[in-house]
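The next part holds the structures, each set out as C-alpha cells.
Shared between the two complexes below is subunit A, which has subunit B as its partner in the first and subunit C in the second.
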Partner chain A sequence: MKTPRKAVAKGGERDERWIQVAPADLPTVLADLKQQGFASWCFLTCVDHLNTPLLLQPPERFELVYQLRNITSRELIRVRAYIAESEPSAPSVHSVYAPAAWDEREVFDLFGITFSSHPDLRRILLPPDWVGHPLRRDYPVGGEPVEFSDDHQSWQTAPAEA
Partner chain B sequence: MDSLQAEGITLSRESGPDELKGEVLTVNFGPHHPSTHGVLRLVVELDGELVVGVKPHIGYLHTGIEKQMEALRYQQAVVVTDRHDYLSPLFNNHAYALAVEKLMGVEVPPRAQALRIIMSELCRISSHLVWLGTSALELGAMSLLMYCFRDRDRVMDLNEEISGFRMHTSYIRPGGVMADATPRFWDLLARFLNDMPGNIDEFENLLTANPIWRARTIGVGRLSAEDALALGATGPMLRGSGVSWDLRRDLPYSGYEKYDFEVPISDQGDCYGRYLIRVAEMRQSLRIIGQAASSIPDGPCNIDDRKMLPPPREELETSMEAVIHHFKLFTEGYSPPPGDVYAAVESPRGESGCYLVSDGTHKPRRAKFRAASFVNLQALEKMALGGMVADLIAIIGTADTVLGDVDR
Partner chain C sequence: MGVEALQDMLGDSIITTTLGKLVSWGRANSVWPAQFGLACCAMEMITMAGPRYDVGRFGSEAMRASPRQSDLMIVSGRVSQKMAPVLRQIYDQMPEPKWVISMGACASTGGVFNNYALVQGVDKIVPVDVYVPGCPPRPEDLINGLMILQERIKAQGLRSQL
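Moving on, here comes the complex of A and B:
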C-alpha cells in the first residue's frame, strides 16, 4: 500500500495498520485508498476520548475511525481523524463509499457529529425526538438521570442538529 | 427463465394496462409484519404492483449494547455480545474473544480452537436452518419450517449438552471456551453428522426443483458483483453475486486453514443463487465439523494465564496466590494495554467484526460491532427497485438480515 500524501501519522502492523489524516482531507484520502484497491467498506465509528486516563492524551475529544479492506491483497487499513469538541463536524464520504451513508447517520445519532453534504442526516437507531447522544461518555449509563444533578445540562443539551 | 418456460410456466412481470400506471402509492410495511424477519419497517412506494421506492426504517430493536459494554468488565461483556445477532450468537462471541485476545496478546490452545470451530459451524447450520425454514414459509412452502426446526433443535441439544444453555450460550470466551465437551456431546454430534446430509437432501428435494420456488426466486432481486462490492455486502450476499470472498478461507482465524472445505459461489446474483449457496454452506459446515471432531487435539481448552482466567477450584483450597488471583479477577478484572484492534469472523450473514478500544482500564473505552446485516440491508433498495411487491418478500428473505444485528 502507498501511504496517501496527506497522512500526518501512521503506525500499526499487518491487520492493525493505520494512518491519521486531518478531517478536511478525509474524502480525498479515502478516494485515493479506494483507487488503490481498498474498495470494501468495513465500518465507520467514533471514539469519545473524554477524560481518558491515557498518558499520551489524544489531540481532540472525538476520533473518527474508518476501517477499509482490500480483498485482492487481503490488507486492512484504518483511517483516523480527530474532531474537536467545539465543532463536531466532518465531511461526508458517502459519495466515495456508498455504505458510509448509514454509518454516518449512526455516528450522528449516537455521538452527535455532523457530516457536511450528507444527503439525509437523520437519526437512524433512536427515535427522532430523542434528546442527547448516548454513546458520548458524559451521557449517563443505566437508570434514570437525576434531574437536579450538577451536570444534567451537559448531556441533555444536544449539539445543533444538521 | 428459459428452463421455467420449458416447464410450461410463464411469468408476467408487467404491471397491468398503461392507464393504471403513474400513480404512486406509499405503503407502510412492518415493523410488525411476519415476513420482515423481526421488526424491519419499510416505506414502500408502489406504482401498481411495481416497487419504485424502498426506504428502510430501522432501530426498533436497538438495545444499546455498545453503551452497556462500556460499563462492563471485559469478561462480563461476553454475555451482551450474544444478544445482537441472536440467530448466530457464537460468531459475535468469537469476534469479541478474538479482539480481546489480540489486545491481550494471547492465543488459545489448539483444542479450544477446534471446539470453537465445531460450535461455530453448528451455529452456522442452525442459523441457515432458521433462514431456510422461514424464507420458504414466506413463499408458501409451509412444511419445510417443521423439518428445519426439527434439525435446529438438535443443534440446541448440542449447545445444551456442552454449555447448559440452548440459545445464548456465551460458549466462546476470551481465553478459550466455557467448558470441554462431554462424552455424550461427541455421541450426539456423531449422530447429527450422520443424519444431517440426508436431511439436507430432503430439504433440497422440497425446494431446488420445485417449480413454485423457482418461479418465485430465479431472476428475482438481482445484485451485480460491482454493486455488491460497492454496497459493502458480505457473506452469501456477496458470494451470491459471484465474488469469492470468505474470511474463513482468505484470512483464516482459529485454525480454519487446517481444514479442507470449499466456498460455494453463484454468479446469478438472484434469490435462487443465494438459496443454493446457503444450502451448500450447510454441507461444507458438516465437512468442517467432521474434520475438526476427528482430529481434535488433546490438551487444555483454556489458556493457562491466571491474570486473565480464574484458577481451578481445587487450587483455591491450597494456594494463597490462587485466592488472590481469584479475588482480583472477580472484583477488578484484567486490563489490556491501551490500543485498538479489529477482529472479524465469517458469520452466516457475512463479516461480523468487533472493534475494541482499550484505554488501559478494566472496561473497554469503546466496543463497536461491525454488523453484517446492517451493511447488507443497504443493498435492499438496489435489489427491490423495479420488481414486483411480492418479490420484495423473497428479497428480504434471502438477504437474511437479523434485526437484532442491524439495530444492536
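Moving on, here comes the complex of A and C:
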C-alpha cells in the first residue's frame, strides 16, 4: 500500500495498518485508497473519547474510524480522523463509497456527528422524534432505577434535552 | 314423556353442558398464535412449534401470519422503543377474545437490558396474561405457559376478559 500524502500519522503492522488524516481530507484520501484497490467498504464507526483513560490522550473528543479492505491483496486499512466537540462535522464520502451513506446516518443518529453534503441525513435506528444521541458517553444510560442497587441514587433515566 | 323415557331413547349419544363451557373448551384447544418473533426467544418458540415438541398436541400449531386470524400474541423477546408501537398495533388488530404470553426475561421485565433502548416489560404497552420466565425459556416452559393459559381460558367461559 502506498500511504496517501495527506496522512498525518500512520501505524499498525503487516496487513493491518492505520493512517490518520484531517477530517477535511477524508474524501480525497478515501478516493486515493479506492484507486489503490481498497474497494471494499467494511464499516464506518465513531469513538467518543470523553474521559477515556488512555496514556496517549486523544487530540479531540470524537474519532471517526473508516475500515476498508483490499479484496485481492486481503489487506485491511483503517482511516482515522479526529473531530472536535465544538463542531462535530465531517465531509460525507458517499460519492466515493455508496454504502457510506447509511453508515453516516448511523453515526449521526448515535453520536450526533453531521456529514456535510450528505443526501439524506436522518436518524436510521432510533425513532425520528428521539432527543439526544445515546452512544455519547455523557448520555444517561436510561432504563429504570433498580431498587436496593448501589447506583440507584444516582441513576439518570431521562436524556438531556437537546 | 318422562326423563327415563328420554334416556332410553337417546342413550349415550348426548351430553349436557353449559354454553360457556363448550365455547371456552373450543377456544382453549385452538389458541392460534400470531406469527412473529422479536429476538432469540423466537428460536425457542419456533422449536416449540416444530416436530420435537409439537405444540400441535395442544392445538396451537397454527401460527397465523395475520393478526386478524390470531388469538394469542407470544411476545418472544426484547421489545425496543421503536418496536413498541408496532407491537401495540398488532395487538389492536387481533380480534377479541385475545391473550398475551410474555416470553422470557426481556419481554417480562427488560431483562439485563436496563437502558434507553428497550421497553422495561411489555406489560407497559399490552395486558399480559401469562409470564414465562427464562433466558430464554425452554420449549417445555413455553408449553407449560400455554397450558396455564388454557386453564384460564376454560375458566373464562363466555366473558370477554380473563
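Please note the rule applied: the second predicted complex is superposed on the first by the 141 of 162 C-alpha atoms of A that agree within 3 Å, B and C clash if a C-alpha of one lies under 4 Å from a C-alpha of the other, contacts with A are read in each partner's own complex, and residues count from 1 in each chain.
Here is the rule we go by: contacts are C-beta pairs under 8 Å (C-beta built on N, C-alpha and C of every residue); 3 or more make two chains touch, one makes a residue touch a chain.
Quick caveat: nothing in here was measured; it's all calculated off a predicted structure.
Which partner chains sit in contact with A:126 here, subunit B, subunit C, both or neither? Use first/second/both/neither.
Touch status of A:126: both partners.
Now for A:36: first (subunit B), second (subunit C), both, or neither, which partner does it touch?
Touch partners of A:36: none, neither subunit B nor subunit C.
For A:134 in the superposed arrangement: first (subunit B), second (subunit C), both or neither?
A:134 contacts both subunit B and subunit C.
Scan A:28 for contacts with subunit B and subunit C and give back first, second, both or neither.
A:28 sits against neither subunit B nor subunit C.
Could you tell me if A:70 is touching subunit B, subunit C, both of them or neither one (first, second, both, neither)?
The answer is neither, since A:70 touches no partner chain.
Between subunit B and subunit C, which one contacts more residues of subunit A in the superposed model?
B
Go through subunit A and flag every residue that touches subunit B in one model and subunit C in the other.
125-127, 134, 139, 141-142
Per the contact definition, I'd like the list of subunit A residues that touch subunit C in the complex.
125-127, 134, 139-144, 146, 159
Once bound in the complex, which stretches of subunit C touch subunit A?
81-82, 110, 113-118, 120
What residues on subunit A touch subunit B, complex-wise?
So the residues of subunit A in touch with subunit B come to 15-16, 39-43, 45, 47-49, 52-54, 65, 67, 71, 74, 76, 78, 97-99, 101-102, 110, 123-127, 134-135, 137, 139, 141-142.
For subunit B, which residues are in contact with subunit A within the complex?
58-59, 62, 64, 66-68, 70-71, 229-232, 234, 243, 245, 250-251, 338, 340-342, 344, 351, 353, 355, 357, 359-361, 365-366, 368, 370, 374-375, 378, 407-408
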